[in-house]
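Each of the two complexes below includes chain A, the first together with chain B, the second together with chain C.
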Partner chain A sequence: MHKFLIRRIAQMAVLMLFISALIYLILNLVPGGPFDSLRFGNPHITAEHVRQLERLLGLDRPLHERYFRWLGNVLRGDWGESWGVATGQPVLEIIRSRLANTAILMGTSLVVSIAIAIPIGVYSAIRQYSAIDYIITTFSFFGMSMPTFWLGLMLVIVFAVSLQWLPAGGVSTPGLENDMIDRLRHLVLPTAVLSLFQVGGWSRYIRSSMLEILGQGYLRTARAKGLSERAVIVRHALRNALIPFITVVGLTLPELFGGAIITETIFSYSGMGILYYNAIMASDWPLVQAIMVMLAFLVIASNLLSDVLYTVVDPRIRCD
Partner chain B sequence: MVEMPQAANECGYEYLPTSAPRPTGQWRLCWGRFRRHMLAPAGAVVIVAFVIVAGLAPWISPYERDQIDLLSMFAGPTPAHWLGTDELGRDVLTRLLYAGQISLLVSITSTLLSIIVGVAVGAVAGYYRGAVEAILMRFTDLMLTLPTLPLLLVFSKMLRDFLALQQTLGSNLSILVIVGVLTFFGWMTVARLVYGSVLSLREREFVEAAIAAGASGRSIILRHLLPNSLAPIIVAATLGLGSRIVAEAALSFLGLGITLPTPSWGNMLTGAQAYMWRNPWLALYPGLCIFVVVLAFNFIGDALRDALDPHAKIS
Partner chain C sequence: MAKNLRLALALVVVVSVLAVLMAGCTQSSTPTPSGPGKAAPTASPSGATKGEVKPGTDKPAPKAQGSVERITIGLSQEPDTLFQGVSAMAAAAAVANALGTQTVNGGVASLVWRNDKNEAIPGIAESVPTLDNGGAKYVGDGTDRHLEVTFKLRKDVKWHDGTPVTAKDVKFDWEMTMNPDFAVPDRSQAQKIQEVATPDDYTVVFKFMSEKQAREAAKSGGRLKDPKQYADYANQSGPVTDPLYYRYGAVMPQHLYSKIAAKDLVKSEYARKPVGMGAYKMKEWVAGQSITLDANPDFFLGAPKIKTVVFKIVQNTDAIIAQLKTGEIDVVTEAPLQLDNIDVFNAIAAAGAIKFNYVPAMSWEHLEMNAENRFLKDANVRKAIAYAIDRQGIVDKLLFGKTRAINSWILPNSWAYSDGVTRYDYNKDKAKQLLQQAGFKAGADGIMTSGSVPLKLKLITTAGNTLRERTSQIMQQNLKEVGIAVDLEFMPSKNFFAGGGAGPLIGGTYDLALFGGTAGDDPGGLEYHSKNIPSSGNNWQGQNVARWKNSKNDEFLTKANASLSQKERKALYAEQQRVFSDELPILPLYQRVNITATKAELQNFKPTPTNTPVTWNIHEWALPAN
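Moving on, here comes the complex of A and B:
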């Protein structure tokens, strides 16, 4: 296990190096730097001004030289300064101020999705081809086909504009920043939007892996021992169905961030997603770079984590 | 047929006289299974209807696409405007039809291009193995690891900035940009599927026979390996059509997709969002179109997965 971990972490470091280089390369690939966009809309800014700005930021140096200097700074904990969203502020500080909000949103929606997907997936597997199974299946397809941004708009229109039950956006009402209830009320709609897509896909997954297990011999053995049906399903069937599900959840984490970008934009929820979107629209490359590298790290780390968890819950799998 | 009975009898089958019904072909079997799926035929009807109606938009739409009528902004549903008008008095139904054209065009084009790239990468890596395989498949895996939407956003923004700088970014070019980006980040699933299928097929006897007969690598891939890998490609493509419609709409919604005045279901929603307090109905129609089309593609894809599976029960 130790050897496996060390090898995987070493691989992870190499992969991160590649990915960070790739991200850096991509963001600097397009001829015409980030300041060229200043030129349209303002005829007084000439190509010469743009070159001066680029010299100031060291953008006139060769690409590999810039990359290694950036990498060196990052390893020392300096991710550079923002160019557009909050000019002059350290990137890391901006991200830190948003991280908690996004973590809360993504965490809540993860818990909610799992809490809904598992019971309905199991239920529709036990009652395969029943009316409820068809309803759940149809519902899952609805969830998977629903464009998140549209669902968000519809929920805002119904619950915030028409019924006025819930706030239309934001993290909290100004002046009520420490009010838990107020924060929860702001969390309801974004969480619903972010969860629905997951619930659709995951309940389908749980259903099919439960169906596979329900036909197996050891369930008959468990029933023959006189276990209650509940114990058979929960302790014997579900536990085995959940093993591959761990990987599925691990692999959706990065996708969840994609959903967070859209959700936070619709609900003006001040987190990493909307920060990333604003950074892109403002061509704030240091900020975009930092978020992308952190995201890549999250992806790779969650892959490793799900592999490790896999070996913990399934003793048949050994990692050598 | 004459020599068959011997072998068939060993398997316990009755000898079939010549009057037996013609054996059912593979595609006919699949069609039979597809039809039995509850909702897929309905999905197919929906898609065909959308393609026809959107394709005929210039002839059947009641107004010009960008015809502004400032005297009837935010009109509700009336006999003159069945679905009302938007913030500039443009007819919503007309714009929905044209937007459907764009959405379907973008999705179909980029799906086809993704399949071409994916098939090429997967087949070459799986058939030739060695260094080519290592480079291509490691790259595929790397691309699969990266989260798609954040990258789509960055790429669209950079390409659009670059083109805007050349003063060339118009509505038409924005369509090309989005097709390009969706293709660049959309070929990996097909590559993985084809790679896996080619890996297992290339060890089979019929490929060995083709090699012995002196067939070139190209013809083995095109004539023997790909036709046998069609089923998973078709399923992935169908599901891909739906997911690309959502992706295009999301990008357009976020202002990084199709540029106005060309309508797309996504950028119509952006317009609707700004006025949702005043006229919430505007946000309903474009999203409903996306939802229905994507749902239809997902149903069809699901049915095809069952129908094309050779191991599925033939009942």
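Moving on, here comes the complex of A and C:
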């Protein structure tokens, strides 16, 4: 196990180095710098002015020199300063200001999704082809196939504009940032949209995974031992059915950091998704680089985490 | 293990059910200090007496019960920085103007303001100095002759920390603007000034460059230490002038900002918590969400009527409209509302609670025609394209008739606009005639050919802009009807506007390009001078992307931009517009419209037909409580 971890972590380091170089190169090869769009907004701004602004950001230096300087700073924990989203502000601080919002939204929807998907997936597997199974199946396909932007808008129209039960958007009411209830009210609609989508897919996943296991011989053995049906399902069937599910959930962990661009935009929920989008639109490369590198790290790390979790759930699997 | 799993599951279910329940059933008891969502703001009984201000406005005073304590303005973008010279964002300008921080000329922190009729009115200055009233005059002889503009400052203007605003702050603002370490993109006006003198605390004299000084700067690099930035002055003849000479000058708090190195200023706390002199003070900026300002009772034109202004960042047009309907937002300014949503606006306006304002914008849409293209170099082909395109039809169909088709690059509401231009009203027959005159014959497939080459062009525009995409599709159809084949390409703005030889516009590799243009406060127009055709020879300088050369045009533009007499300039611009419309390097399409929305009862909301943000008179706004 230790050997496995050390090997994987060494692989990760090499991979991260490679990824960071790739991200840096691709972004800096995009035609047009952060100031190119200025030119057509104001006839007084000349190419010479643009070059002067670029000099202030050190963009006149050769690419490889810039990359190694950036990499060196990052390794020391300095991710640089924003160029366009919040000019002059440290990138880390900008990310920190959005990260909590995203983690709360994505975390809530993750918990809600798991909490709903597992029971209904299990139930519809046990009662396969029953009326309730059909209802759950219909609901799942509805959830999976509804475009989030449409569903989000509909929820806003119904619950915010018509019924006025919930706020139409935002993280909190300005001035009430520390009010728990106000925050929860703002969370309801975006969480509903994210969860509905997730539950749809995940409950189908659990259902098919359960169905496969329900046909296995060892369940008959368990029942023959005289275990209650409940114990058979939960302890023997569900536990095994959850193994592949862990990979699926593990892969969504980076979303806790990355956020959901569409949902955040519809509900103007200030999180990492909108931040990432804005950073790209503003050619704010230091910010984009930081988000992309951190996301890449999380994808790799969560893969490793799923692999390790396998061994916990299924003792037959060993990592070496 | 199984027990743990079950326990964890149960916990998860309980927590999430609780969360949903709490969120779902507490809405009636939510404490709403200002009533967002419920428009039940507390009327301040004392507000009426406190808010007694007469800042030279002739509008009716608010109703007796005073104004609501707090309004929320929706912003479609989060400001990048509140250093206005540095930011080019409309959202930043709206906030900076309410704060009265260093801002674009004509904003609140300027010596001279612009009002909703685009008139120059005194701001921090006591009056507007002009050549006619003696506030501006030429001094010296020969190559030393130069323009001096003297501003007298009001003595009752104070920074938010109580320090008086003085001539030092004006001089410091200019010095910062001219500091190469301070990332100001546009120094074109500041650069013309050689020296700022402050004979006393409340007098500022701007001394523009003389011919000698200008030529010297082009050699030595002047204050910016960069001869390239002064290249235009190498052959300066006569004193350097500026058509907007009477309106230059803004303030920055010298007593605070001068303690920080210029290159660190944008990184300092003042970027997000500036000290201004405007009607509101910065209270709190919650990154990504909202910016809250508190009234400044010591504002020199009187305390504002509304105590708290919240700028709420809502980055999505549908969300802004929804929040306007629910009352979470009271005012929508800057750019998110567009004409393609007009049926939605009309439906909302019909309900009565919200009012929409449509004001002609300082920007316009146009079709650039690359004069270096083998077909488009012939003016007859360009004119044929103009006749073939149904511009009024585009305005009626796509913009619901809320604006007008235009015939000149100078907008109809400018003093420099001339009616004596050639008009190209939709006429297919004329278009075909012109193409025949240019030597084209109809080919077998209906496409015109010259020799054996079919008249095929590519029209590019920015991707993701529905209005532009639809406009270009109508144009494609229109042009096909007269035998011009057009391919459309929608490209990301980044690529479309890219600089250097690789950009289609700057590099000159396009045929037809549809995009927007912004008119300055002064007509200007030197971007259409042939010296501003970008090429590898001049390092891709300039914005004359139609690549049109005309010596008459060059001459009129140069003269019009050197003169300070509006009468003389008007005549020169009329001549220039005649030549321009006759040769038609660019087909103007329509003037854009700025749409703003407010609660119907909001008083003194005066959007301007200029680039000044609507918050220019925010101290006068009042929203009666009811």
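Brief remarks follow.
Everything that follows uses one rule, which is that the second predicted complex is superposed on the first by the 314 of 320 C-alpha atoms of A that agree within 3 Å, B and C clash if a C-alpha of one lies under 4 Å from a C-alpha of the other, contacts with A are read in each partner's own complex, and residues count from 1 in each chain.
Note that in this section a residue touches a chain if its C-beta (ideal position, glycine included) is under 8 Å from a C-beta of that chain, and two chains touch if they have at least 3 such contacts.
These figures come from a predicted structure and were not determined experimentally.
Under the clash rule set out above, the superposition-derived model of chain A with chain B and chain C contains a clash between the two partners. In the superposition on chain A, A:G169 contacts chain C only, with no contact to chain B. In the superposed pair of complexes, A:R98 makes contact with chain C only, with no contact to chain B. Once the two complexes are laid over each other on the shared chain, residue contacts for A:S145 go to chain B alone; chain C is not touched. After overlaying the two complexes on the shared chain, residue contacts for A:V188 are found with chain C alone; chain B is out of touch.
Once chain A of one complex is fitted onto chain A of the other, the partner contacts of A:A115 are limited to chain C, with no touch recorded for chain B. When the two complexes are overlaid on their common chain A, residue A:R235 makes contact with chain C while staying clear of chain B. Of the two partner chains placed by the overlay, chain B and chain C both lie in contact with A:T265. Once chain A of one complex is fitted onto chain A of the other, the partner contacts of A:N278 are limited to chain C, with no touch recorded for chain B.
Of the two partners chain B and chain C, it is C that touches the larger number of chain A residues.
Within the superposed three-chain model, A:A47 lies in touch with chain C and out of touch with chain B [touch as defined at top].
Taken together, the two complexes place residues 30-32, 36-37, 39-40, 153, 156-157, 161, 265-266, 283 of chain A in contact with chain B and also with chain C. By the touch rule above, chain A contacts chain B in their complex via residues 15, 18-19, 22, 26-27, 29-32, 36-37, 39-40, 134, 138, 141-142, 144-151, 153-154, 156-157, 161-162, 254-255, 257-259, 261-262, 265-266, 276-277, 280-281, 283, 288, 291-292, 295-296, 299-300, 303. Listed in rising order, the residues of chain C touching chain A in the complex are 1-2, 5-6, 9, 12-13, 15-17, 19-20, 22-24, 26-27, 30-34, 36-38, 72, 78, 80-81, 83, 86-88, 180-181, 183, 185-189, 226, 228-229, 231, 263, 266-268, 271-272, 286-290, 292, 310, 312-316, 318-320, 322-323, 325-326, 328, 493-495, 497-499, 502-503, 505, 515, 517-518, 520, 524, 526-527, 534, 539-543. Here chain A touches chain C in the complex through residues 30-33, 35-50, 52-53, 56, 81-82, 84-89, 94, 97-98, 101, 108, 111-112, 114-116, 118-119, 153, 156-157, 160-161, 164-177, 179, 181-182, 184-185, 187-188, 234-235, 238-239, 265-268, 270-271, 274-275, 278, 282-283, going by the rule given at the top.
Chain B makes touch with chain A in their complex at residues 38-39, 142, 145-151, 153-155, 157-159, 161-162, 164-165, 242, 246, 249-250, 253-256, 269, 272-273, 276-277, 280, 283-284, 286-287, 290-291, 294-295, 297-299, 302.
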